[in-house]
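Chain naming follows the written order as A, B, C and D, and within any one chain the residues start at number 1.
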Amino acid sequence: MIQKKCVAMLLAGGAGKRLGILTRDMAKPAVPFGGKYRIIDFTLSNCTNSGIYAAGVLTQYQPLILNSHIGTGIPWDLDRKNGGVSILPPYVQQGEKGKWYEGTANAIFQNIYFIERYNPEYVLVISGDHIYKMDYSLMLEYHEEKGADATIAVIEVPWGEANRFGIMNTGEDGSIIEFEEKPSKPKNNLASMGVYIFTWPVLKKYLYKDNDNPKSSSDFGKDIIPLMLKENSRLYAYPFRGYWKDVGTIESLWEANMDLLSDQPELDLYDRNWRIYSVNPNRPPHFMGPSAHVHHSMVNEGCMILGTIHHSVLFTGVYVGEGSEIKDSIIMSNVKIGSNVKIERAIIGEGAVIEDHCQIASDAKNPEIILLKGEITIPENSIVKSTIVSLRDLQVNREEQSLA
Amino acid sequence: MIQKKCVAMLLAGGAGKRLGILTRDMAKPAVPFGGKYRIIDFTLSNCTNSGIYAAGVLTQYQPLILNSHIGTGIPWDLDRKNGGVSILPPYVQQGEKGKWYEGTANAIFQNIYFIERYNPEYVLVISGDHIYKMDYSLMLEYHEEKGADATIAVIEVPWGEANRFGIMNTGEDGSIIEFEEKPSKPKNNLASMGVYIFTWPVLKKYLYKDNDNPKSSSDFGKDIIPLMLKENSRLYAYPFRGYWKDVGTIESLWEANMDLLSDQPELDLYDRNWRIYSVNPNRPPHFMGPSAHVHHSMVNEGCMILGTIHHSVLFTGVYVGEGSEIKDSIIMSNVKIGSNVKIERAIIGEGAVIEDHCQIASDAKNPEIILLKGEITIPENSIVKSTIVSLRDLQVNREEQSLA
Amino acid sequence: MKNVMGIINVSRRDELLKDLTSLRCIASVPFGGRYRLIDFVLSGMVNSGIYNVGVFTLNKYRSLMDHLGFGKEWDLNRKRDGLFILPPPIHYPFGYYRGDLQNFFSHIDYFHRSTQEYVIITGSNIVCNINFNEAFQAHQESGADITVLYKEIAEQEEKNFEQCRRIVTGDDGQVLDMEDKPGRLKSNKVLMEMFIMKKSLFIEIIENSNKMEYSNLIRDGLIQNVNRLNIFGFHYAGYLGIINSVKNFYKHSMDLLKREVWQELFYKPGLIYTKVKDEPPTKYLEQARVTNSLISNGCLIEGRVENSILSRGVKVHRGACITNSIVMQRNEIGKNARIENTILDKEALVSEGKELIGTPGQPLLMGKKSIT
Amino acid sequence: MKNVMGIINVSRRDELLKDLTSLRCIASVPFGGRYRLIDFVLSGMVNSGIYNVGVFTLNKYRSLMDHLGFGKEWDLNRKRDGLFILPPPIHYPFGYYRGDLQNFFSHIDYFHRSTQEYVIITGSNIVCNINFNEAFQAHQESGADITVLYKEIAEQEEKNFEQCRRIVTGDDGQVLDMEDKPGRLKSNKVLMEMFIMKKSLFIEIIENSNKMEYSNLIRDGLIQNVNRLNIFGFHYAGYLGIINSVKNFYKHSMDLLKREVWQELFYKPGLIYTKVKDEPPTKYLEQARVTNSLISNGCLIEGRVENSILSRGVKVHRGACITNSIVMQRNEIGKNARIENTILDKEALVSEGKELIGTPGQPLLMGKKSIT
């Protein structure tokens, strides 16, 4: 194996519990996004666009869709003779019981042997479930310039929200003096993006230390970074400017999709110099019918639109019948929407069928995002006001209506 | 996903304990074989040569080498738009703890959802650690003709050895009347090869039944087949003629390699109509020096041979110095053997270095196969008479010699 | 269909499509927003279970090679069989090219080496979504030496098939007559240039022709043998276009804007595969107004589009208006520009306020990379 | 070397290798058992970190295309940059081909589109294992407009380089003279036909030549500019073969049987990549007797092989004896046949007892698929 200067480790084992049914059959990084992508496409594309061609993807939770999506990394140009992308599930070692990954740092610890094959100087640790475009090679340059043991990418967040993030208090030279997880009285508004570059021998030492501590939760943010700070390692904050979003909840996932729809979005998907790669479905150009009316929206291949689409994201192969109106919504692949349907502020799961004259919109008093399970059929004339996880919910929903 | 008539499920999670250090860092199906291959190449090539283009490989134990070997299945022509090969490690489901595969049947049970994606009529269950060439499509025809629920491939073994196998007692029409695991008084010499074709709905039913039984070890041979027999399912034995070997021990692995070296071996690797595919290293043709003397042997690319090779298998990039003699041995990739070395009845692990004037041969009174760990250096003039797992063993070995 | 190999014969008559084929062969002319003409027959073969396809090319095939690659998108990147692109092996002595049979003959090894018993030979400019299984079954049942596919066309379609050969069949389906140059036969049966026969017969035709210095498969291989061989017709009922003029290229393109044609041609019985590109979904901005159009991925639309086809990565700026037009890949249409009844080849740039106006009967054709 | 693009210029002078190039271009002539000539420079580029390589071909390039594929074996199957095979875009009007600069000119877009600042241009018939980093560094440090690679050869090697151009350099490394046809200069400095320059200069040379109707890179682009431009020489010290005759093809092949040549040429500084095949290891049967030879995979050897090179899948039957010969892919040598000083092209069959005898100075050359 030829030496690689920097190896990327993508944490992709998260169950993404707060995404509810969206992550029932797939890990969070596999959740569809932006009409065509899955969340992990952003970090994988960042790697290849940054010239980092050796990556390990740590999986654990419902990995089948993720595995078949990533394959050998061809879409991201990560199928390499040396390096490329490797999927790293938990495994059994000789004479031992299998160990699941117990925390982010433990996941890396269990794959030290994988990293060592490349004999790298640096390791980039990133989450496979954030949406952003970032040139890691610039961060690596910064890390080298500073002679850091660890560099953590940070982004300015509004002061009012700083208490929701891990906040870095830094010196003038960018060195990290203190790290506070969700501080009630933040001293700073530089939030950690969960993007770390470590000098590998240093990280390795701390991974072993952490592993020897039975009380540790083996998490980078909670254990490794505080321990390094305590022992006076050289930690630096790398300031990032641009779009960055953790799409950990239904609301933030919906928002991040809507963010794409402004005329000049902060996250530009059309930049040919920083492509976001993904698996390409092979479907015909979408068909805009004579009565179609679409604006402020993104529409992918294979759709047939006969109705009105306003401020929405449509994935592959969606059908929207005549007289239907879709607003502020995300419609995933192969959803069939009949005629005269109204949908507002909803996320419709893959392969759902919504028959004619349905209304899917929450009450004004209760503006939650409605989530509709995939592969479900909503019968004609249904009125859906809240999230539908199974056909039984629909029943309940309907009874509530008739009671009302 | 387009329907597939038959899906193959390869059991590749075995730790292969009896292969000792050979399986310390890799699963048994990944163990090198025949100068170029890994064991699993045989079953994967059988699948593609039989026209079965949808396969799942169930991994659990040390899968990294296996995963990177299989990739997306390109060497076996199993990179398909529909189907192809998928690697199936254990995983965590929503709201549950992760479950390791507890037995062969449990491994399939945990991947029912994977099989269902193809909506197959039949499922072929095979072990990824047997060496044989078999056209599964003929067995499938037989299964269909018989209208069987399950068909088990059997091979005639010498009567004297029948007590070491799972023996099928069959009726005249090939139906299985009784199955005896390692019978002390065998009534028949038809041994199960661990190759099963099931009619999928029937298997599914029994997998659920088995899963409901807390006492079951969830093994095909021990639990599923006996239960099916008990409940009068239609089980048939499919007679196979040809070479078949379970390379579960050091001795059988060594034997299977030696079997390749006869002038007309039962297992023909040179048949262009039934290729055994593998990952191809890119190394120059091997170099036979002026003093080389090689016969009854197989030599792979990148070797440089200056000594004498008799009845041995040499993997990629082996160097054999002048005056050295290698006999009845298996030399794995990138082993460097100095001058005037003698090696007999040994398996030398990948990347080992054996310096000049060493002797590696067991005493006549103790004819075990000597196993030498990979990546180890045996210093000049060493005499090795038994298996070397670590440099410490070498020390012990040497002390024994000096004592003797 | 494991026992059938597919042959796609890229015709040399590429002058018919004028500027569209000045830099590419007819097989790689863009069609339907994101496809090339060859995608239709090639996908049909793959969807029928044919896994050995030879594409015989003659010249200007660089873009075709680039498009097909190693056949990955058609699942034809196989170790055995798969996709073979077969250009003339040696340049013909000073332009002396006698016809397709000569080209087949120069690759006769390929036919001998292939293990399949039957061949299906097709042209490369046929727009349809076909599963060959039915025709193949009919071929086997009829006991014909050769089965030719044809389509009966309605009177109003005549204009789209002016340049196509016609055939006459008997009640039993036997082909009684087949014309070499269009015009002789008064028949509504259009020859699709798709033939099924045993490989051994195909090889025989090729080798005989070579001896006799004949050169053209249809003229010398088929028409001359109408009485000697048992040739049957098989009627294809699906949507059909045979692209052999700019006019019918335009007409068949506009057909795609009929909903039922879109649904049939791209989805039934199978999908049409093509080379994929990493384009994001198309984005409709505030001012977008798009009706009755086919829009490929990667477009950014601020203007109006009506009854038109946009290929991948087209930018339509504010106030621009595109009607009844075909706009190929990566065109940029400036503010307030007006495009009507026009075919814009790839990577052209239409400046602000510019007007390009053709007529439905005579669409304007703008060459690749033109700047106006 | 991310900032450098590689250009491999497949020479047209393929008559030099006689039957070896009757069906293939010189770049795809088999060499060293399992390689093709182009593998050496191509691997050198890849091992130097060059990830954009254009291969300019002229004719008989089918086997070359088949060999290179999409560049997977060289890790050049990339989405951006990667491997480009660039045949003449349109057939030249009735065989009128003026030279390589004309071919470069016809693909001038490719150069403009590429993002790299420098080019390395090489021939396709150069056997060496080179890392271009050192030469590139020298180029940047010297401030030269063009750096040409050369090798000083020893007197006993003269015979192997008879057909090669020589150059004269000054003490500072500057190239003072360069010959067009071999013979004029008495110098032991052999021009390797490897040049480094800025892409902008290369484009300038191409475009100027086109205006002036010049046609040949070395003659019209370099030699004519020896006084105008700052051309430096860089000495390459490794093993070198420039294959331009059957005789030196044979000689350089035999060089591989020197242990130190084998070790350097195939391993140092990097590996040489080639298209892989699914061949099993070679098997030596009871009667095998093989010394001082290079044996590729997939051979089955029952006979004697001495001082010879066997390509993949060769069968040597009992009693057969091969000495001082080169036996290419899938040959079968019958019982008791005798092969001496012979080059056997691919897939030939030598029957039982047959003798094929050449001399070391005049090796016998048997064409592809010959049966004797």
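Here is the rule we use: a residue touches a chain if its C-beta (ideal position, glycine included) is under 8 Å from a C-beta of that chain, and two chains touch if they have at least 3 such contacts.
Only a predicted model underlies this, so the values are computations on that prediction, with no experimental measurement involved.
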Query = By CA centroid distance, what chain is farthest from subunit A?
reply = D
Request  = Write down the chain pair with more C-beta contact pairs when A-C is set against A-D.
outcome  = A-C
Query = If you average the CA atoms of subunit A and of subunit B, how far apart do the two points sit, in angstrom?
reply = 39
Inquiry  = Measuring centre to centre with CA averages, how many angstrom lie between subunit A and subunit D?
reply    = 48
Note = subunit C residues touching 2+ other chains are 79, 278
Note = subunit B residues touching 2+ other chains are 277
Remark   = Given the complex, residues on subunit A that touch subunit B span 13, 15, 17, 23-24, 59-64, 67-68, 71-72, 74, 86-94, 97-98, 100, 113-114
Remark   = So, in the complex, the side of subunit D touching subunit B is made of residues 32-34, 73, 257, 259, 262-263, 266-267, 271-274, 276-278, 280-298, 300, 305, 309-311
Query = Within the complex, which stretch of subunit B touches subunit C?
reply = 77, 79-82, 277
Query = For subunit D, which residues count as touching subunit A in their complex?
reply = 75, 77-80
Query = What residues of subunit B sit close enough to touch subunit D in their complex?
reply = 34-36, 75, 260-261, 263, 269-270, 275-278, 280, 282-301, 304, 309, 313-314
